[in-house]
């Protein structure tokens, strides 16, 4: 087995990213779409940390970026969930297919 | 410290207002009307203050950078926000969460300010989010409307998705260049495939906010769902701000890769104009209509950006956006007045409007002509200079195409004009008595639409700043 | 040197009349307008006579040659240096002669109309139109510049249009005036292009310079014009032929004559003035005006003119024999006589003895004006009396209208060429000229003269003899209160003209008018004139035999040669031909298709663009599906697409 | 092969597999739990890279915060135990294709690209360094982003409150918000 | 004289109209304003002639230059030569006539007159501007008023026509815009200034692109074949004054632009494309004439005949000889006056008979002698009767275009000449059926023209006669200008 390194991590993060994308495309439940978003953000975090560790350890840019991404992810999730709940109140469902009144 | 204050002036002012509002909200003292008046006053002060003590300088390392031009751009946004506070007074007064709305709007504005003067991808990203998330909440402010929350949902999810892609791009950029600061990136760019991929991902992030085809699809739905005040904010303020930073990003950060993004701009501006126009043709809901028209307008902005002289490009874009603020806000203002009085948002409902409300009709007509680029309105000059800037590379095919697109756009703007002025209607919108603040706003917009073009010194002033 | 101002007054006075009556006649002047018009014209007639006297006997002749004098010339519109439309006066024998003729006849008609048109509601309008016509005709004859001539040429056309359409609420009149205008207009197109050609090669529009340049063999212009050729004919031939087409149109030469008979819808005095004496001879005048060019530089064109004239003369004469509407008969006879003038010019040559045809033609023009005007006015009197144009309604009028009868007889004799009446002399000269130069034309002319005599007397007898209808049977006429043949104002012109028709022949015309201005001694050969006179008499007597008494001979003859008769009666179906060309070809084959194409193709494309755009926008609406997940997908596809495009395709 | 390698692969497997499961399972609770595992796996990877601080933050915020939030929201919006409606197969295939293409493209570029690395001495990602940098306003300091984020959180909370609570008790909660915000 | 007044005067009038309190005030304002316009334009003519007498050879008179968008090297550069003066005179005449004719518009009088005056403003600005940017500015100002005039006060399928007009004209100006930009960037010191542009020599390959753009762009305004289809619909649906302005003024903007901008600045392009121009315009001339022959609606008749007559304008320009060009300008003026009068007359008739179908009329000469006399005169003018303006213009064009000795130009000219016969046909059909023939009973008691109609007609008639009877003043006015243009063309290789 090969010694794991940067490219392994990049592979993992990219995979994670597109798994998230896949989930975002396919899941009809808004909450799960939100989860997929979280996966995407995490893959990005992984990228940052990996680069920071293997390529640019002289500064902590990647690390800090990760921290802030996490913070923002929290905020985003909060607002999103609030909106979803509100949507649920009006639609009595959180199926994305039921929320396409506006089109064309 | 002093310098700190002057450079951060506009941001600090906004923050102050935000906290002021918070405390007022807690101390539940003031009725909506009085509060609104106060807010309008504060914003006016803020706008005026925006004209003074504008210096060049950077803070926090090079994370924050400002200059007279940037200050001017910020002030355009200030103006826009002030006009919004005037134009939608009616809706604000009725809304129980009016202060929160302003808190959110102002924090979004703050985000935009930081975004415009960000010197670093981290700040850029954070301020972008700050400029997005509160707006998503604002979209949902018609709390008991289904479409409002649907719009909010669409916005938050798709913006999260786009920021995901943007972030992925940024992370790869970080990996490839090892830096996040705009100052250092260009040196590290060599146009390698990965960097092209990075460029595209970042570009799509911008494109999403600017609603460039094919990243635009959220726009119409969100605009339609949102309360008009939010729609106006989205289509004018946030577009404007993102356009400003977009230019800086392209001209300053990605200068070495200009060959790539120039073609990208041409391609996407063509696509954007076509799609925007074609969709606008059919729209019945005025908000949706304006959404697509604004997409088409973005196409024109891209034309301006695709100029080969940065100075020309920046100036014409800033100038255009100043005009765009006036004209588009005027249109939204009229729509808001009508919908908040009669709940009518369909273009067919506007038939025979001129009979009952000549003032609104003229303002609307002015706004639409300005958007269509008909003299003597300012829009004519704005569009013309954009096209001229874009033509500086003198590829005739592209320019001809752009010019011909103006015909299509004129066609659908005329649909509205026709409805307002020509079509008969036995049940037109009844006479509306307009809130004085709104009236003031509309008058300012109208004056702006006419004067900004004719007073050439405004353009030269902007040129002086670049 | 003559005084330009009062020469200019000759045409201008009628113009004044036109403006005066046209602007104020309807409201303020009313019945006085006739008098005013007449007086103005009287003045200009006197001036014309004075000028004529002055020109012929005083300053016109310089060492034996009548000069072309240009006392007035004002640049009206300059195209390029040298080429300009000038408004000027040119005095030479023919223009002076025409001045006299036009103003005199016009005066006669003015006077006559005082009686004939009395009580018409648009009396002032009528006189103003007459004024307009007289003005333009006089302007035409004194034109010193070919474009000036065209200018007045058109004006003449319009005033004739207005006068034919005088009874504007009569559909036939409307049709007639339109027809007249359009046909002549079509001919004028030829004239215009001819002018363009001549002016291009002549480098000027001024008659004198033009003629001088295009006739003097050493002039470079002529060389160029000769050198440039198209379809085997030299440019100059083309030019003059085109010009002649214009003339042919106005002078109702075959095949452009179809408008003339219909033009009889106008009031009879108008027919007398315009469609007999003056306007219709404008074509002849035009050819005469450019005669040197024809004769010297384009003989082919001249012979063409000769044949056209001869053919027209013959055809018209034949048709005239069959018509029953007296005015139409006169119209065709006019056409036939003009044919005479034309071929007289056609057979003529330039200068000296060979110029006989030219002189003859002008002479005949002069005399013809007299007796033809007389005939028309007489016919007018008759029509005025019986309220009909049809021969069958007439007969035996000699007792009821003696003066008319007498004058009419004189005129008939004149036109039939019976000595010593005016027509005899002019016709003799023409025949002589034809005889000398072109026998074919001569024979045609001879036959025609016989026919002329026949149909004129057919007319005469039908009106004044034939069935004897007495006053009692004309109760209708009683009711209309026409006891007599119209008052003094109507008779006086008849008498004056009759005198002219009788005596004009004795003027030594050749002394005054000749192709090159030198006096031409016209000898008179008795033995030569036997044949025509004999023929004329034969014609007269046949007519008498047929028509003096009521009988069925004519019908029998007619039925015996029915084919020819029918053809002639239907004017050889030329009208039908034109109708076919205009209605079927012009309207249905050109106009309709073009209108259709414009509506459906040219405009259709424009509309199609709009519809297609809307269609596309309908088609792609699915793109905006309202599904946020699809939006995201498009987003990703867009991004990936751009990446692929810019990494692999578009470097 | 060393232990760390094994651990790495285990963590990687955990992360990816549970991620895949969480976006494919038809039971929403399981989805949430798998998401939890996947996040933990990522935290593990941070540990493996000796970025303990981030790992901790990851655990606290994600595992402790966001996932719980999500689960609560599931409680609020979903009747337990019922299966989620599935997406059309065509759409699934399409999405999979898109995702895979994107993945392939990205990895292709990443592998073709030769990353250049710094050779300055590295900074320890320990709490001290992080703390200093976080609050320094000078060059390479992160005070501004920090403030930005705090404003963002404030705005987000205000937004959430307005949207989520329709009843008239929004003032009280706002007080709490303020007290929370004064960081 | 300061040309800015020509812009300020209509502006002031428009403002006053907006301020006016009631309809009568509005009308008075408009009347006074347009009267002032006519006075000013005549004064301009006088001043110009005196000035020109002193200083021969100068190209532009009364030049004025104000800073405007200096960074784009755009200046508010005004100046006139003979051609512009002629066009300004035309505009003033048509404007006051239009104001008078539409005296009894009840519907939204204020807006109506406001838009009319705005149109005139656009026209004046266009004719006096020497900077292509402001030229374009004024060109486009005129579009929307036209749209509204047709759409609001029009008749028939007005929305459709208004849209068509606005969009096609917009398309035209879009092409113009591209052409202008091409010129702008080819000049060394990026400038829109006509004088500057005329001095530099534009590279031939640029001319090859820009000339057709500009010519066709302007051509759309003056109904170049096959972009003429807005003319019939637009004119027929427009209110009387609207049609007068459209055909009388705004179609002339196109011709002026073709001459002053396209042909003057890009002589090489002009030479290269002159064949195509001539072909298109001769098609337009004859085709328009034949199309007119089939029309049944008076307004359509005049509209199509306008296509045919404006064909003469382009024809004259395309011939590239001094005389033909002079003729083209004359034709613009003459056609402007003539067609304006024609539309005015049609409007008067329509107001009374409430139909424009030729078939449904007849014998109107009896009940409305004044109006029908006008109809006769204007008809005769349009078929080129001597003594009226049409004759002068057309003859000048023919003479000019005959100066080319080669077969192609000859044939083109002959084709053009033919149209005068077809014109005679359709004019006589129209006039004959309308004015002559038996009178219908329902028209027995119709009234004749009122004072305002008479005044309008007489004003236009004066113009027509002034040109028709003594054309030399117009000729002398235009010639020097065309000479200068021809020199430039002669200079081109």
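We call the chains A, B, C, D and E, going by the order they appear; numbering starts again at 1 in every chain.
Note that contacts are C-beta pairs under 8 Å (C-beta built on N, C-alpha and C of every residue); 3 or more make two chains touch, one makes a residue touch a chain.
In this text the structure is predicted, and so the values were computed from the model without any measurement.
Q: Following contacts chain by chain, what is the lowest number of steps it takes to reach subunit D starting at subunit A?
A: Each step joins two touching chains, and the minimum needed here is 1.
Q: How short can a chain-to-chain path be from subunit A to subunit E, counted in steps between touching chains?
A: The fewest touching-chain steps linking subunit A to subunit E number 2.
Q: Once you count every C-beta pair in contact for both, which comes out on top, B-C or C-D?
A: Comparing B-C with C-D, the pair joined by more C-beta contacts is B-C.
Q: What chain is the most remote from subunit E, judged by the mean position of CA atoms in each chain?
A: If we average the C-alpha coordinates per chain, D ends up farthest from subunit E.
Q: Centre-to-centre on C-alpha atoms, which chain is most distant from subunit B?
A: C
Q: Can you work out the whole-Å distance between the CA centroids of subunit A and subunit B?
A: The computed centroid separation for subunit A versus subunit B comes out at 27 Å.
Q: Roughly how many whole angstrom separate the Cα centroids of subunit B and subunit D?
A: 31
Q: Take the average of all CA coordinates in subunit A, do the same for subunit C, and state the distance between these two points in whole angstrom.
A: Each chain reduced to its C-alpha mean, subunit A and subunit C end up 98 Å apart.
Q: How many angstrom between the C-alpha centroids of subunit E and subunit C?
A: Measuring from centre to centre gives 37 Å for this pair.
Q: So which stretches of subunit E touch two or more other chains?
A: 167
Q: Going by the contact rule already set, what residues in subunit D reach two or more other chains?
A: Residues 91, 94-95, 98, 102, 105-106, 109-110, 115-118, 140, 142, 145, 149, 152, 156, 159-160, 163, 166.
Q: Quick check: what residues of subunit A touch more than one other chain, meaning two or more?
A: 10, 17, 20-21, 24-26, 33-34, 50-51, 55-56, 64, 68, 72, 75-76, 79, 82-84, 86, 89, 96-97, 99-104
Q: Considering every pair of chains, which are in touch?
A: Going through each pair of chains, those in contact are A-B, A-C, A-D, B-C, B-D, B-E, C-D, C-E.
Q: Would you tell me which residues of subunit E are touching subunit C in their complex?
A: 164, 167-168, 225-226, 228-229, 287, 290-291, 293-295, 322-323, 363, 365-366, 369, 380, 383-387, 391-392, 395-396, 398-400, 402-403, 405, 413-414, 417-418, 420-421, 424-425, 428-429, 432, 435-439, 470-472, 475
Q: Where on subunit C does subunit A make contact in their complex?
A: 621-622, 624-629, 632-633, 636
Q: If we count contacts the way the header does, which residues on subunit D are in touch with subunit C in the complex?
A: Result: residues 91, 94-95, 98, 101-102, 105, 109 of subunit D touch subunit C.
Q: Subunit D touches which residues of subunit C in the complex?
A: For subunit C paired with subunit D, touching residues are 629, 633, 636-637, 639-640, 643-644, 647.
Q: Please output the residues of subunit A touching subunit D within their complex, sorted ascending.
A: Listed in rising order, the residues are 1, 3-4, 6-12, 14-23, 25-29, 31-32, 34-36, 38-39, 42, 45-46, 49-60, 63-64, 66-68, 70-79, 81-86, 88-89, 94-95, 97.
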